[in-house]
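Next up: the structures, one after another.
Presented sequentially are two complexes of subunit A, the first with subunit B as partner and the second with subunit C.
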Partner chain A sequence: MAQIFHRGANNIAKASIAVAIVLAGVAGYAYTQIARSSYLTNQYLERQQPVQFSHKHHTGDDGIDCRYCHTSVETAASAGMPSTQTCMNCHSQIWSDSPYLEPVRASFRDNKPIEWERVHDLPEYAYFNHSIHIAKGVGCASCHGDIANMPSVYQENTLQMEWCLACHRDPAPNIRPKSEIYNTSWDKNEITPAQQTEVDAKIKTLRSKELLTSCSICHR
Partner chain B sequence: MLKSKLRLQVKSKKEKVKNKARFFGFAFFLFTFAFTTACRYDMQDQPRYKVYKKSDFFADGRASRDLPSGTVPRGQLREDKALYTGKKENADPNVQVATTTDASGNTLIASFPNAIEEFPLPVTKELVDRGEERYKVFCIVCHGPVGNGDGMIVRRGFTKPPTFNDDRLRNAPVGHFYDVITNGQGRMNSYASMIPVADRWAIVSYIRALQISQNPSSVTALPMTNNNTNTAPKPAASPTTTPATQGGAR
Partner chain C sequence: MVAGFDERNPELKRAMEDIKEIQRKIYPPMVEGEHTFATVTDKISDVTLKRKTPFHWFIGFGIAFIIAQVLLFTIMYLVTTGIGIWGNNQPVGWAFDIINFVWWIGIGHAGTLISAILLLLNQKWRTSINRFAEAMTLFAVACAGMFPLLHTGRPWLAYWMLPYPNTMGMWQNYRSPLMWDVFAVSTYATVSALFWYVGLIPDLATLRDRAKNPYFRFIYAALSWGWRGSARHWHRYEIAYLLLAGISTPLVLSVHSIVSFDFSVSQVPGWHATIFPPYFVAGAIFAGFAMVLILCIPLRHWYRMKDFITHTHLVYMGKVMLATGLIVCYGYAMELFFGWYSAAQYEVFMIKNRIWEGPYWWSYWLLILCNGMSIQLLWFKRFRESEFWLFLISIVVSIGMWLERFVIIVTSLHRDFLPSSWAMYSPTMFDWSMFLGTLGFFFTLIYLFVRFLPIISIFEVRTLLPDANVHGHHQDFEEMVNEVEIEHIDKDKGKVS
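Let's turn to the complex of A and B:
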């Protein structure tokens, strides 16, 4: 009876084991890279908003503090979105004829909120509170990037759990002096000795790494 | 013979019932399956309202609801009229105030019959510091760093507000500043939904500090008095006076 497989098939069989291992490795690596890619995390994705609002213009150029609009960032879980009346504080006079601002005026006239597109959308099984991060000295820019230089806001970070944990394991590098929390362009290397003392004291007040990385800190 | 026939009939009847049950069972499965797929939610998008979420239920589309009118949150009856309105106990709402008009077209109030003269809470360094911080968030954009009305928004074209550093506002009672922050004045909108009560008084105290800084010789002439008798809540931590942050309702 003739052999079904050629003698060389032995080598192919042996090689196929190695190839399978390599392929599994490549597939595993590809999976981790695709899962972290901006394609899946929406990182760097600029969204079309109903109004062409520029954070760079309002915060960077005009110097309006973050808290002028995001009033509850120090006191509540949500940073707070400004009501249309807040827009009209200035735009009742400035650019009051601009067609770009028609959605704002329509919102004010009809008493209907502007429907902004959410840029930073955490999954709802994750608990996040802005106020505690501000109180502990984490600046806006640590998560949101240099908003004051973003004409249209995009998601600076992946917002994945590994990214949250990286800071919860070692928060010290992201603690700022109180005066620089809302300065999104602050350079850490420009820290003054007095500020360094303040930051060092603040770091001592932080909870332990074990507590900060326990499940129920974020999943409650 | 008859018996066996009967038995057969019974058997086929049993079979029929079984088939019927099977059919209905399958139909029920399909029916429920159709509904489970229609109601599927992922854990990351749960069927509950979060702040600023859109609602399909309420006519205006907002999940964050306003308080029903007339309700008073526990502990927020606001009985202390001086603290919450900056006005005297016997204030007359129909009183005529003297007004003038400045070069920018602002209507300036020159008499303040209803406003309280004294701070309704202790003026401490913490209060003034808090006021400085809040002033630089909310007021500096128009009123400028020292209150001369030369803020960035004014440079962008907004009407120049009156300066804090003239005799009219130096002699104005503190209740007037509080009233303007709370209810707005002229082209300035109300800031009541953005600044809690205690922070408004902190800002007023900082405005007084600015007025002193721009006119040091008249320190004693300023109506900066404080009898320290009022036991008002401390300013920095006063979440009870921030309805704007509760559930995002405005």
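Let's turn to the complex of A and C:
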């Protein structure tokens, strides 16, 4: 009887074992890389905003405090987006006829809010509260990066659950003195002895790792 | 050895016949009729290759296939709508889904027992039933796996149960028996599939060599991995098969033990009992043999396989059912005893509620009738040796084993610790269509298996033939006995004791 497969089929069969193992390995590695890539997380992605607003100019150069615009950051879950009126506090006086600011003036005239593109978008099933993080001594920069040096704000971190949990499992390295909460350019190495004492005391007040990583802390 | 010895001594001749008779009683032949290697191969492979597909195959397959579509529609509706279409809700959070899961997983156990433990124990009678019992295991596990998967509500996220470097920074909760279940059942499915496939390879090669249709020949050739039946092939095959048997053996005990942990590790009265693992394993083998009988009794008729699946096989399976059934009955008795002996009011209440005070009392007594009473008939030769009764008892036992899980799950949950949360459970039509659908799916696969693969292991049945046991200087086993007897007679001065 004639052979159904050529002799070479034996080698293909043997090689397929090695190929399957290699492919499985490559696929596994590719998964770990792609799942964390900025393609899926939108990390480092700069968005086109309706107004060319620069955080670097307003916060870094002019020294306006975060809380001037994000007013509810210390008291509510949401940090709050400033209304157009907040912009007009200054821009009715300075740069009041700059073409860059026309969308702001239009918004003020028509009483229609500016539609900003959201940069940090957590899924609805994750509960996040700004005020508790500020109260416990987590600075803006821990999550948002050095905003004071970002002309256009981008997402500094992946916002994936493993990233949240990394800090919830060990929050101590991200606790800073109260005076430096809003200083996004603060260097941890420049901490003074008095600040260190304050931070150490604060760390002692933190809840246990078990509580901070229990499901319903974030999924309520 | 003395030639023509029998003719010279009629007394001895009679004695020889007696010995043969006793031999047949102790070691009944596992292949009946006059068979040679060639006729065995022909008879089994012709079902797949030569014989016209019988009309009843189309009828049976058609019905099973239509019912399998019911499953498909139910799953579609379930996935697009949510598990709210099922009747389970607090406090009966587990109902048909877990009942059916445990029922199907249990059925699979007979296949593994037959293929692994009986192989290691050198039970020759496993040989003609192991192939389709293993197929049954695989298909039953496929049906079982669907239920917990769909009960998650989001089956597309089921891979979250596997340990992989995920972006959630989470690791599985290894303290949960449900997690153990994932590994127990997936290991079970993998090993069973491997075992079945490895055992099929020599037979697939036989089909390859005999198939006339070029497409079938190509498929069988690809599946048989270039098997030529050389001594080296057989040597490796034997090692691989024994290794797989060794790996499967603990699975027979572990899988259903772990399934029982889903219940016994919790603190629900009626679930929290140490008897659960052995009681569940015995129940699984009990249900499994019932299903093997349900399948093989019609099969041996329709495909004229009575020479291979003999009367003796059925009787043996009946005995296994009786033995495991009695262990299960012991389990029922112990459940009652534990409830009383615990002196815990919740346990005592659970027992009372289960057997006469609760609204589901009928399910308990139906269970005792199906699993406890019906198998007592198997003590009697008349019932044990009757195909009709074996078939009937097997069906009753299958129903009984389903009821057992119903009693354990539903009657334990519907009366919670808090009377305020007490509620009744009733299945919806989608609970029923899902269950019925898996039956259709199971029989669809069985029908396809019967049509396209050898239902009985050809090469293993050949080893049961007398031709396969030719020894160097003894013509066969009977002559060996003959020789021993002659020595015996010499000592007793010609008297046969």
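We adopt the following convention: the second predicted complex is superposed on the first by the 212 of 220 C-alpha atoms of A that agree within 3 Å, B and C clash if a C-alpha of one lies under 4 Å from a C-alpha of the other, contacts with A are read in each partner's own complex, and residues count from 1 in each chain.
By our rule, contacts are C-beta pairs under 8 Å (C-beta built on N, C-alpha and C of every residue); 3 or more make two chains touch, one makes a residue touch a chain.
Just so you know, these numbers come straight off a predicted model, no measurement behind them.
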| item | value |
| --- | --- |
| Side-by-side fit of subunit B and subunit C on subunit A, or clash | fit |
| Subunit A residues touched by each partner, larger count belonging to subunit B or subunit C | B |
| Partner chain in contact with A:Y125 - subunit B first, subunit C second, else both or neither | first |
| Partner chain(s) touched by A:F5 [first = subunit B, second = subunit C, both, neither] | second |
| Once both complexes are placed on the shared chain, angle at subunit A toward subunit B and subunit C, C-alpha, multiple of 10 degrees | 120 |
| Subunit B versus subunit C as contact partner of A:A35, first or second or both or neither | second |
| Which superposed partner A:S54 touches (first subunit B, second subunit C, both, neither) | neither |
| Superposed arrangement (fit on chain A Cα atoms) - minimum subunit B/subunit C Cα distance in Å | 8 |
| Subunit B - residues contacting subunit A, complex | 43-46, 48, 50-52, 54, 60-62, 136-138, 141, 152-153, 156-159, 187-189, 193-195, 239, 242, 244-246, 248, 250 |
| Contacting residues of subunit C [partner subunit A, same complex] | 164-170, 208-209, 217-218, 221-222, 225-226 |
| Residues on subunit A engaged by subunit B in the complex (per definition of touch) | 62-65, 67-68, 71-72, 75-78, 80-81, 83, 85-86, 88-90, 92-94, 111-113, 115, 123-125 |
| Subunit C partner contacts - residues on subunit A that touch it in the complex | 1, 4-5, 9-10, 13, 28, 31-32, 35-36, 158, 160-166 |
